[in-house]
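Residue numbering begins at 1 within each chain, and the chains themselves are lettered A, B, C and D in the order written.
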Amino acid sequence: MIDEIRKAVAERLNELDGVVALRRWSQGVAPHLFQKGDDLSELEIAPKYPLATLVSKLHKRYPTIKLGIVARGCDERAFIEMAKRNQIDPDRLYIIGFACTAEDAQACYCTEPFPKNLIVGTPPAPGPVNPLVAKYDAMPLVERRAFWKQQFNKCLKCYGCRNICPECFCEACAMEDMAWVEPGLLAPPFPTFHMIRAMHMASRCVACRECEHACPAHIPLTVLYDLMRRDIGDLLGYVPGADIKAQPPLSLSLKQSPLRQGAAH
Amino acid sequence: MSMVTLTIDGQKVEAQEGQTILEVCRKNSIDIPTLCYHPALEPYGACRMCTVEVIRHGWSNLHTACTHPAWDGLEVKTNSPVVREARKTIVGLLLSRCPKVPVIQELALEYGVKEPPFAADNPDEKCILCGQCVRVCNDMVKAHVLNFSQRGVDRVVGPPFMEKTRQCIGCGACTIVCPTGAIEIVLEKSAVYAEKPLGPTSAIYVPSLQAVPRVPVIDTDSCIRFRQQDRTNGEIADACGACQMLCEVGAIDFTQKDEIIELDVGAVIVATGFAMWDPKKLSQYSYGKSPNIITGDQFERLSNAGGPTSGQILLADGRKPEKVAIIHCIGSRDHNAHEYCSRICCMYALKHAHLVRDKTGAEVFEFYMDMRTFGKGYEEFYERVQEEGVNMIRGRGAEVEVLPDGKLRVKGEDANLGRIVSANVDMVVLCTAIEAQPDADKIGALFGLSRSQDGFFAEAHPKLRPVETNTDGVFLAGCAQGPRDVPDTVAHAGAAASMALALMDKGEVVISPTTAKVTREKCVGCGDCIPVCPYTAIARVDGKAEINAALCKGCGTCVATCPSGAIEALHFTDEQLVAQIEGVLAWV
Amino acid sequence: MEYKNTLTTCIYCGCGCSMFVETMDGHITGVWPAKTNQISGGKLCIKGWNVTSFVDHPDRLKTPLIRKDGKLVEATWDEALTLVAEKLNTVKKESGPDSIALLSSAKCTNEENYLMNKLARAVVGTNNIDHCARL
Amino acid sequence: MGVEGFEPKIVAFMCNWCTYAGADNAGVARMESPANILPIRVMCSGRVSPEAVMRAFRAGADGVLVMGCHIGDCHYSAGNHRTIKRMPLLRNLLSYVGVNPERMELVWVSAAEAPRFVQVTKAFTQKIKELGPLAQEVTE
């Protein structure tokens, strides 16, 4: 599969200013901007990185360049949400999509482990829904609280979840706003700190799981975000990353995006 | 148009060329009897009553004035012996045909015909076959229902085959033009505009007695012209037009249409008034079950000199009432209807009582809960009405019953006596509540007005800002805001007008400083805030949000939407909210 | 349009988390955690995430400063080192070697820290040496 | 699980045009509403960010009310449309981290509904009394 991707990138490099993908270095793999003439044998597809973030940086820094991207399903979903919020220019982006492996889908609990612009590979069986979601959802309040208190107590307040997140592109972050989060507390104030992020993720999270991978405290953050994703789907019929034309519903009036029947408060 | 001069009964008279002798005579107040003449119809010369003596070049001749043109130099005699003799003969013949018609009897008397010269075939005949009805139906109404049929002595006027026809639109024009009252129209349903269900008016009317400007309107549902237009899908577009023909200043224009006029204004005064509460909602008052149970509003119309009875207070059958009950608080101060006091009823009920006493001398029973005579001179009027002999019964009228003989029985508790009382009366006046207009919600949504619990528009502050609303530049006047009587409404409206003028006079608008502001360094340009703004005050400028402070009303919804805290609600900043949160919690 | 990631190790503490420092046209534009690294496994703490923030910081010291007449004045390394050596000698002479303590930094390499250790024990003659990230 | 003699602290965000006016009218009409309600005026319920609600809990509120105009009555036409979308999400989120979502409620009270204001605040205060202090819940 990787050879097919390299071939597709080589073809595209003739007409694009560069292609964002992963590159193998002597001691590791990192995101890279491949340009014409680069050695494509160094192009890799794993481990996954949030490449949409890099596209956004490049689009902002070089306002006319056209880029290609070797993208997974979650990458594509990420820049659909980013494009809605003016962080990348979809007209300057060509997606070389490839399908994740079945193991990837399993590990990421990914229900859509391939992009819409699938160029290479065949869609694998979707991964299972994160079993922790159902587990914590079924817990009584007291147990949930105990669980999350224990988890959030481990938090180093490193902001890694935010830093790695392709959808956390804000210049200023509410999690650093002294109005909402008192500074100097470690672990950060329960449960405000993590709730702010969960709230913001409701209409943005594309379930790439990068936050959880980046968390040095191994907090199962995506359980919370998966619940929020489920709720915004139930309440407003919105699936982040699904449709570039669907506007973020929390910004719209009831007329433009009504509450789903029976979902009202 | 050139003028001509002729002599009528020895007097030189000027006339326009083309006028008939009859028209000239009418204009100069010279009386000529007519039966078949109508100014809106072509003259026909059927009845011959307008016969006059016309002398031209020395030759005298008898002609019908309605058809003979007024030529220059003519001499006309309208009352010469020859004329009178001729008319006597004509009246004799008409009387022989229609001996019982009053108009003809009067003419016979005038011209000295004591008995009909011939015996009538049908003594009840009323039609003189003048054909006015035929002409109005065909030429004006264009319904083409009536015409002559048969010949000679068998000649009759009527619809085809003298049968009921759907072509008749029931306009009644024939009955109006018929000089002898020979046509009776039996309406199968009300075809004419009904004013406050107390009697018909015409299809062209002044919308209300206090209308400003005082210009009549045409009720297109009742107007013959518009009805014919509708019925024939526009094929007959020139029916009737009598009003246009008769209006001397040419004010009638059938081509006018309802227009939507868009105006840019600096202020709006909402003065949409009130609606009358429907007393049918409380069945115990039997409203609608007898024509003699009427609302205060209907009584007002009844006693109006321009009303259906020319101001006489009469029962439905035309008799004068002998006993009248007036019941206060119908639908007001009632947990089953409106809880509020409608404020105007006590005073108009007293006035109605006074009018009944004054005009009919009938005995009046006034059922009241308590008398709210709060205005200047009101209490004095109350005393005067009491002195006029009105029976005051303190206690809500509880029930009105229609008795088999058509009389009405009013029951209620007299709280002063502490027992149930009842009165049999001829007429009941229900002083119904006033309530918010049924479309107040739409007007409210249009102007962003909220409504108080009673349904009327809410003022900005019940004590300090009774004229303003929470929408800048929108003011309230009168009953749109709550029940009030005329002097209060005038005062309220005056206040609204001066507030609106004051606003516009300044030439500039003071806006609230509670607007939202973007901190550019914090904004990432995601645009989540843009669709949030109901005033489209937010735009993306150079990739970042920018707020037009003149458009922003300061709701702060964008502030709460912004994930970066890049928008600040001035005077409601996050820091201020937090300080308040901590403040209120510290206080406890 | 030059894009580069440079593999390096976090300098803030002794954990040795691995990371890529991202540069565009020679300017540092961010940090990627090195997911393939066995030690940090693609995770960083707040220091690692912000490790590059001092590089282009306007407040960053670029030359030694010597206080002269109550004011800090830019100086050359020779000037500064000579001054420090003189002062240390004076203190050692007047109050003995244990009146001196040396503090090293996590931002230095192990080799540099070893040299600091040698400086303390062999040159100054004291065991008073410590390190800011003694984790 | 109520606590003896517990008087909850309830932060109530009220929109300027409807609920704040309604509360004002309740006061003018001398209706009695619980002193546990600590009002914070905002121009529109749409101004109330989830962060502000969380902050109120963090600062020691045992319950939070977000109150505004009925849908369709918003002075800003649709500010409360955003509130009605946001707040259920926040309520769910509270429950996910184990805070009883009943401690937070979104209620519409118009300027005309002074009696409703009293009824709503009384009922909510009673509910929070029964739930007990939030601090107990979070620190237990």
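The working rule: a contact is a pair of C-beta atoms (placed from the backbone, for glycine too) under 8 Å apart; a residue touches a chain by one contact, two chains touch by 3 or more.
Predicted model, so just to flag it, every value in this text is computed and none were measured.
Engineer: Taking the mean of each chain's Cα atoms, which chain ends up nearest the overall Cα mean?
Structural biologist: D
Engineer: Which chain pair shares more contacting C-beta pairs: A-C, or B-D?
Structural biologist: If we tally the C-beta pairs in contact for A-C and B-D, the bigger total goes to B-D.
Engineer: Mind checking the centre-to-centre distance between chain A and chain C? Centres are C-alpha means, answer in whole Å.
Structural biologist: Inter-chain centre distance comes to 35 Å.
Engineer: With centres defined as the mean C-alpha position, give me the chain B-chain D separation in Å.
Structural biologist: About 51 Å, centre to centre.
Engineer: Compute the distance, rounded to whole Å, between the mean C-alpha positions of chain A and chain B.
Structural biologist: Measuring from centre to centre gives 68 Å for this pair.
Engineer: Please tell me the distance, in whole Å, between the geometric centres of chain A and chain D computed from their C-alpha atoms.
Structural biologist: 34
Engineer: Check each residue of chain D and list the ones that touch at least two other chains.
Structural biologist: If we look for residues of chain D contacting two or more partner chains, we find 50-51, 55, 78, 82, 86.
Engineer: For chain A, which residues are shared contacts with two or more other chains?
Structural biologist: 174, 177, 179-180, 250-253
Engineer: Hey, what residues on chain B touch two or more of the other chains?
Structural biologist: 532, 534, 561, 574, 577-578 - these are the residues of chain B that touch more than one other chain.
Engineer: Identify every two-chain combination in which the chains touch.
Structural biologist: Pairs flagged as touching, ordered by label: A-B, A-C, A-D, B-D.
Engineer: Residues of chain D touching chain B in their complex?
Structural biologist: Interface residues on chain D, with respect to chain B: 7, 9, 11, 17-18, 25, 28, 36, 38-40, 42-44, 46-52, 55-56, 59-61, 69, 72-73, 75-79, 82, 86, 110-113.
Engineer: List the residues on chain A that touch chain D in their complex, please.
Structural biologist: 136-137, 141-149, 174, 177, 179-180, 182, 189-192, 194-196, 198-199, 202, 224, 227-228, 231-232, 235-236, 249-255, 259, 263-265
Engineer: In the complex, go through chain C and note every residue touching chain A.
Structural biologist: Going by the criterion above, the answer is residues 1, 3, 5, 7, 18, 20, 22, 24, 29-30, 32-37, 42-46, 48-49.
Engineer: Any idea which chain B residues touch chain D in the complex?
Structural biologist: The contact residues of chain B facing chain D are 445, 448, 450-454, 458, 462, 470-471, 514, 532, 534-535, 553-557, 559-561, 569, 572, 574, 577-578, 580-582, 584-585, 587-588.
Engineer: Going by the contact rule at the top, pick out the chain A residues touching chain B in the complex.
Structural biologist: It comes out as residues 84-87, 169-174, 177, 179-180, 200, 247-248, 250-253, 256.
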